[in-house]
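Below, chain A partners chain B and then partners chain C, in two separate complexes.
Coming up: the complex of A and B.
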């Protein structure tokens, strides 16, 4: 069975992280506060070219951009 | 009358018959009928090769119960309830956000998930509020990815709501 999120370009990793995020948000107040800290991700990357560091970009933004691209390719 | 006599003879014969197989017991028969369960999250291991009797898992291919000597397999899990029946007879339920269950040949079961909590840690109100929120996004005019994310959330929340009832 093809998954709907797959058709939209989402990866399995993204699927898992969305599912985990919603589970954390459904917890009771005290547990939720501790758990939600695990969901934070703030990674940056940049491409090095000819010994020079390129523009540094947010990994989360780059990931969602590439997933949007994958989604539009599969639907067109 | 005849059958009575046979029954009585059988009763008398039983103690000897019971003792015999016990005396012959060897290693092969003494194998335990328990599964070694490891339930691991990235931040915590809930079970660490603990002996349990049965584990019910929500696999993508259907709900399944795993006992000792299960055929080795790898199953992808849906977000759902994992029920562990322990040696003492009691059972514990965890809601996992989805992951994999791996049955190894020597009655070992490893379950990996991103998040997992006992049922009593969930708040039914939070679930209800989020369902309303996710339904709004799913039927709204956001990007295809936003709608797909909202649908994943709905899948998890609806599964959570049915088990919380």
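Coming up: the complex of A and C.
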């Protein structure tokens, strides 16, 4: 049984975080504000090559870019 | 002559340092220097005290997050304990070391403790790759073993780490091109408020999970295995980040507490020194006046 989200290039963690975001957004206003703080992610990362630090990029953007790429590869 | 000469001496006694003798430049400078240092130490004490209070408030929240995150990590590791999973023994399989530190300093030696633990592991496995979470350990490890670093993350530890953080990091680690035999997450284990220990958590590769001796106890579809592995990695990362964060806050509280105490000691010491010097200046002045008066009377 292939998973639809796997075919679209998402990882299990991404799938979970999307599901969690949907649940958080459907909460009532007061609870939602507290819950949405738990879903924030603002990390930066950089790849290292041979002892040199590469350019630092936003983690969220890089993750979605690589997943979009994986999705287009598997669908074609 | 006597009455005119005696007046400044009386005033000097009352107004103390404000009326220090101008003719004796050396004593004047030291008195002024001590006063300046006293002032700056007092300012530092104020700052460290405030930081201590901030860290104390954050510590309670961080500790609660740590206890909660522990159950995540332990529950997800229970599967591997029952399955008796062990890392794959292989010659050309690489190990990945994930270091869970943070961006901020001023918290004693917890970051260098992590770096030392990583260096010890590197001595055993010189070809292991490193992923660094947080700026502090990155700076330390880049100097000694920059060639081993493959990824570094910044922005860790501003606030209590969220599960979303751990998931995003786990995704990026999974996307790494190399196939790792096992992943070791090094974090600071919270033993009590005074002591922490750099401890590794294992996160296994799919191969290791399949080969675990008691694997048949669980029913698995082949497809969900990679999901389990990714999810377990995120769980372990979350645990390591939250516990590391609690350790950092507690270490910062201790460090700032010590700094405030030291500043208090120094303030006392300098206050006494200041008073003594002031007294010495006044006495010297008096002696000069009296001898001068005695000489002019004859």
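Here is the rule we go by: the second predicted complex is superposed on the first by the 72 of 76 C-alpha atoms of A that agree within 3 Å, B and C clash if a C-alpha of one lies under 4 Å from a C-alpha of the other, contacts with A are read in each partner's own complex, and residues count from 1 in each chain.
Following the convention adopted for this analysis, contacts are C-beta pairs under 8 Å (C-beta built on N, C-alpha and C of every residue); 3 or more make two chains touch, one makes a residue touch a chain.
None of these values were measured; they are calculated from a predicted model.
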Combined model on chain A: chain C and chain B, fit or clash: fit
Touching partner for A:42 - first (chain B), second (chain C), both, neither: second
First (chain B), second (chain C), both or neither touched by A:71: first
First (chain B), second (chain C), both or neither touched by A:24: first
Which of chain B and chain C A:9 touches, first, second, both or neither: first
First (chain B), second (chain C), both or neither touched by A:56: second
Minimum C-alpha separation between chain B and chain C after superposing on chain A, in Å: 5
Interface residues of chain A shared between complexes with chain B and chain C: 16-17, 20, 38
Parts of chain B lying in touch with chain A, wherever the complex brings them together: 42-43, 79, 95, 97-99, 114-117, 121-123, 126-127, 130, 134, 143-145, 147-149, 151-153, 155-157, 160
Sites on chain C touched by chain A in the complex: 142, 146-147, 149-156, 162-165, 167-172, 174-175, 221, 223, 226-227, 230-231, 234
Chain A residues within the chain C interface of the complex: 1-3, 6, 11-14, 16-17, 20, 38-48, 50-53, 56, 59-60, 62-63, 66
Chain A residues touching chain B - in the complex, by the definition given at the top: 4-5, 7-10, 15-20, 22-29, 31-32, 35, 38, 64, 67-68, 71-72, 75
